[in-house]
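In the two complexes that follow, chain A is the common piece, with chain B as its partner first and chain C second.
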Partner chain A sequence: MLPPFSYIAVHSKQEALTSLASLAGAALLAGGTDLLVRMKKGETHRYVIDLTGAAELSGVKDRGGTLRIGSGMTHARIGAHPAIAKTCGGLAAACSAVGSPQVRNMGTLGGNLVNASPAADSIAPLLVHNAVVTLESIDGMRSEKLERFITGPYRTTIGKHEILTSVEADTLAGYNEGYRRVAKRAGWAISRLSLAWALNDADGVFKDVRIAVGSCTPVPFRPREAEAFLAGKGRERPVVEEAVKMVLDEIRRISGMRPSFAYKLPVVRDLLLSVLGGDSCS
Partner chain B sequence: MFIGRDLDRVDALAKVLGTAGFAHDLRMEGMLFACVVRSTKPHALLRDVDVSGAYAVPGVLRVVSHKDIPGQNTFGALRKDQPFLAESRVRYVGEPILVVIGENEAVAREGAARVRIDYGEIDAVLEPDATGKGRQIYDTGSLMAYKKVRKGDVEKGSAASDVVVAHTFRTTWIDHAFLETEAGIGYVDEGGRIVIKSSTQNIHYKRVEISRLLAIPEERIRVVQATTGGGFGGKLDVTCEGFLALAVHLLKRPVFMRYTREESFLSNTKRHPLSIDYKTGARKDGTLTAVKVDITGDTGPYASYGDAVCLRVAVHATGPYEVPNVWADCKLLYTNNPVSGAMRGFGVPQLAFAHESQLDEVAEALGMDPIDIRIRNGLKRGSVTATGQVLSASAGFVETLKKIEPFWRARQKTKKGSGFGLGCMYYGIGNTGVANPANALVELGEEGRVILHTGACEIGQGSDTALLQIALETLGVARSDVLLDRGDTDTSKDAGSSSASRQTYISGKAVQEAALGLRAFLDEAGYYHRGRALGDIYRATKDKGRLLFEGFFNPPASGLDEATGQGIPYATYAFASHMTEVEVEEATGACRVKQVHAAHDVGKSINPKAIRGQICGGVAMGVGLALMEEFIPGKTASFDAYYIPTSLDMPRVEVFLVEDEEPTGPFGAKGVGEPALIPQAASVVNAVTDAVGVHVYELPCHVERLKGLIESKKTTK
Partner chain C sequence: MKRVGFTLNGKTTTCDVEENELLLHTLRERLSIASVKEGCSIGECGTCTVLIDNEPCYACLTLTAKVEGRDVLTVEYLAHADLLHPLQESFISHGAVQCGFCTPAMLLVGYSLLLKHRQPTDEQIREAMSGNLCRCTGYVQIIEAIKDAAPVFIHSGS
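== the complex of A and B ==
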């Protein structure tokens, strides 16, 4: 059962920002698929501000080179959005894989990012797209790179009176991109491991390689050294193997050795070998 | 003609419309809510129990302890060894200590949370210890049950073998995961009797336990089955019924209970974790010569259905094969882990995992096709089982293999990682080596309506519809002429539990007997030949009292010899073969089950669509057992971490029915409830071996375990 609280349904972004600033002990409900679970376990809030009615938080805008995605977009809507599928396919795939249909119908991109679970599906593909988040409060607006915004498991730089209003992601035309997650069953499951990638190669040479690994380190991350190593190199087995080794080393450097790595590292290895190697290396 | 027809399920409309009254839906004017305070320690003395915090919550009316029990504070289907409420000691996490009754659910739960218990912790026994030398829970030792089967001479049989394969197989705790958690309502009726309506698999048994608990005669108690959202063996033991009866008895007001999912996981019995040492010997031509099986299992601190599981796995040790020399031992040992109890298949699904893996390895060693070794050794009419029983009829096992043989022979791996496996089983219908009768009543009632009174609980398996079809067929009346009255101790006689795949066979036969009684009466009265209407027959005879016809059936079986297990444990057996196709992704260890061909000898199909439903459900549960389900004591709290298959994990299922009629069954029918599940995990595991060449000796074979096996195979190469 939920503890008692006052429920506020706002009808605009401005109303949301004002309510958040003026009410002490308020939590934002951006779908509720995390908040309500925590509250059922006993977390209490005097006020719950439901952002569903704030239309400005929804929608997708193509800004030429980047895509601005409203934080109120549900996973289901992102998964089915033509523009996102076209230029941000990894994100569409990731959002289509979140939880269950019920969770995808309620849960939002903003909620997923602010909750900042190490297993959040949307983070890895957004890192690949160099995403920048926009945060607003009644005092103003700021932007921050997603990889700086998330500082640790379930920790971000969001201020008490701030709302994450939108996410801006690079459109990656001409890239081969994708998302893979591993879970204990085919659906309705948390990611045990996830991998997002976007590759740009021509004539067997890597031009730009972007990789992000989720559900492995405390925060999903980009293995920059391996990415830099690959740029300009031929798409050949020894090169790919060296890059994969660099990724695994980087995971160990970040997290140390963990019991779950007995499983996760060989999976990262094999998935990356097949993603980076393509048919030539499998 | 009603047999073999896809009659609409009796319960379909109400369930589809949402009007069915599940136990969770029950409400009464002025009802209170009760909830249970449970042990948080696996093994401890209760030094002090302070309930003042609970009473300080406004609306808490009563905190009930073992001291408030007027009768016996013990229950158990087979042994009365488990306390309703702990007295001075708790023996597992989740053991009930107190019942808190409040004006509503929030108040009762708040009160329960405020009880303070001072535990004096005792070192817990967390591993079954067969040596008897380690720490023990009871002075009487660690051994709860020990059953054996001896046939021929296994040492001689092994010596005469060209190949011997030996492995140890392990399984873990599985939760029933019924969608409706334990729930019920209780009240005192106009006559001062205690009435309990609950989500249950057996009403007459629950009445016996309530009678002992409250020290009042059974006639003063009525137990009614509410529409029940699944059981799978988990609602055979007393769950909330005892607490409800106690609360109603003490407060004389309606009381409602429902367990949260977390409470259900914590408190309900689990499938027994078994460790199975299995040795199989065979000659070059594939003929099995000897099987030696040594099984130990974890019963937790109480017996529950352990005796039945222990004996059944010993009896079924060989699987559906004729083996001249058999040595099977099963020991269940006490621990402070969750109470293990009845769960769909009573240990046989775990055992099938072992005997089917073994058989594939024997076939591999001999260079035989897995289906050939099964056909060669399969039980058939005239075969002698491990307990020395000669199968004189209804033994269509080889026919089930023949049904899937064309698909097996034509199988083709479509891509890297695809594999095919077989899993087979036989399963004794009804309880093992003991009387397990059922009664049924058929009545000609008001306006000539035929009323079928049965105590057989419908738990979703379809007994309501099957029993109705048997009555309709026997009587030759119209569907609209018959009314079903099920699951009320006031209007029915004991039909035994809905367990052991027994209701279609046993209650079905009792219904047929009762209906034959009415049929003879109707014949005499001119219904069949003179076209006299049922209403006219009723009106002409109603002054002579109720027109009630009784049916009774107790399957012809015998007890088993204590030392050798020899005898006739069951009157009849079901047989099945499943062929499963999987796709394993080597990179991740993910296994997807693509397709299942399932062939079952059901004796006679009463309702083919219902059987198909049972088989699809069994396949789903078998996929869970094979690939993902795992209850970890102290860790698993809810569906958040306990994975059962979803629709996305379900394969396509093709069902094939074999009808080798059982002469003692109603129209030749046997049962399919548990057989639907039993061979499935085994066939998945064998398919995984075929797909990626690793052997699986422990379940579940989840992504991490399978990836680990694939990795270690790479390094040993």
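== the complex of A and C ==
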């Protein structure tokens, strides 16, 4: 059973923005896979504004150099979208790994980012693509880098009257990219971790290396020092090992030592070694 | 209360529901569709699965108001009069039904898969079933049942 509320279905983005600004105590509903679970546990809202009818929040646009992805896109639609698979493959892989087919048919990108769980699968690949989120309210529009938007576990800079309308991600042609996660069944509250990457290398030399680690730190993060260290270096075992050590040190620096690290850090190390090392180091 | 209109198993349906009502409860308590089961209630077991526009969704996390204008299918859609759907026959002949609690939902995810892939691989079948728990069969019989139904699969209702 859910606590009582008034349900409002909107038919456009504008209507959603107006309702959100005029109704005190309103929550936005997309797929409901986070919100309704929280409400079943007792969270209450006077109004629930269902965004499903706002068609502007759906769809994908190629803007030359970036892809703009509507916040209302479900994980299933992102995972099956040809343009996303081609130039934002890590995100397609991550969304295809979310929960179960039913959760992917219901859950959206916007809900995943605004909920901002440290384990949210879309965050790490979007960090790799330098994603920027667009937030709109009746007073206007603002853009913010995803890494600034998420400020902590389940915390973002979203304002009370704002809707996350779209996400813009760099298209990365010519990169080898991907996403791996180590997870128990979605429902089990057991720690897990994830890794997104995009590598550009030629003739055994790293040109650009982008890595994001999820679920180890309060917010998924890019180990910038290790990325910078690798740029221009040869793809050789000692180089890769040094970079992996830098990543692990950074995780420990951000999170301190945690009991789960006894199992997590060796997994991060092995994943990174195989992703960065490629064939040259095996 | 709110009036919601949708297609249920091919028939236009109108129903007055509470604004905070879940599709699971509307189906079971107002429309007497008891095949949709309430297991965990939080998106983890899959027994409440229905097809919305042919895609499996959890009815325990879907507001009834949200299915306005949509097409909802439950397992009742599959059989015609006394005639079971070939997918149902296949479940029976493979022993894929034991206690039966997971079965309506398993049939629906199998049906949805076969609509999209007429010859699904084992991998696709496992993936399609991955949001549904079965505590009895050990899954193998269900996978075999779906695979063997593929050649005789017919689109129910057409």
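As a convention for this text, the second predicted complex is superposed on the first by the 275 of 282 C-alpha atoms of A that agree within 3 Å, B and C clash if a C-alpha of one lies under 4 Å from a C-alpha of the other, contacts with A are read in each partner's own complex, and residues count from 1 in each chain.
Everything below uses one rule, namely that contacts are C-beta pairs under 8 Å (C-beta built on N, C-alpha and C of every residue); 3 or more make two chains touch, one makes a residue touch a chain.
Note that the coordinates shown come from a computational prediction; the quantities given were computed from them, not determined experimentally.
For chain A, the partner touching the most residues, choosing from chain B and chain C, is C. In the superposed model, A:Lys160 makes contact with neither chain B nor chain C. Of the two partner chains placed by superposition, A:Arg63 touches none, neither chain B nor chain C.
Applying the stated contact rule after C-alpha superposition, one finds that A:Asp50 touches chain C and leaves chain B untouched.
In the superposition on chain A, A:Val182 makes contact with chain B only, not with chain C.
In the superposition on chain A, contact is made by A:Tyr263 with chain B only, not with chain C. In the superposition on chain A, A:Thr33 makes contact with chain C only, not with chain B.
Touching of chain A by both chain B and chain C, each in its own complex, is seen for residues 100, 186-187. Across the complex, chain A meets chain C through its residues 2-7, 9, 29, 32-33, 36-37, 40, 48, 50, 52, 76, 99-103, 105-106, 186-187. Those residues of chain B that touch chain A in the shared complex are 105-106, 109, 586-590, 592, 627-628, 643, 645-649, 702-704, 707-708, 711. The part of chain A that touches chain B in the complex is made up of residues 1, 100, 182-189, 192-193, 262-263, 266-267, 270-271, 274.
Across the interface of their complex, chain A is touched by residues 2, 18-22, 40-44, 46, 49, 52, 55-58, 61-63, 65-66, 68, 109, 127-128, 130-132 of chain C.
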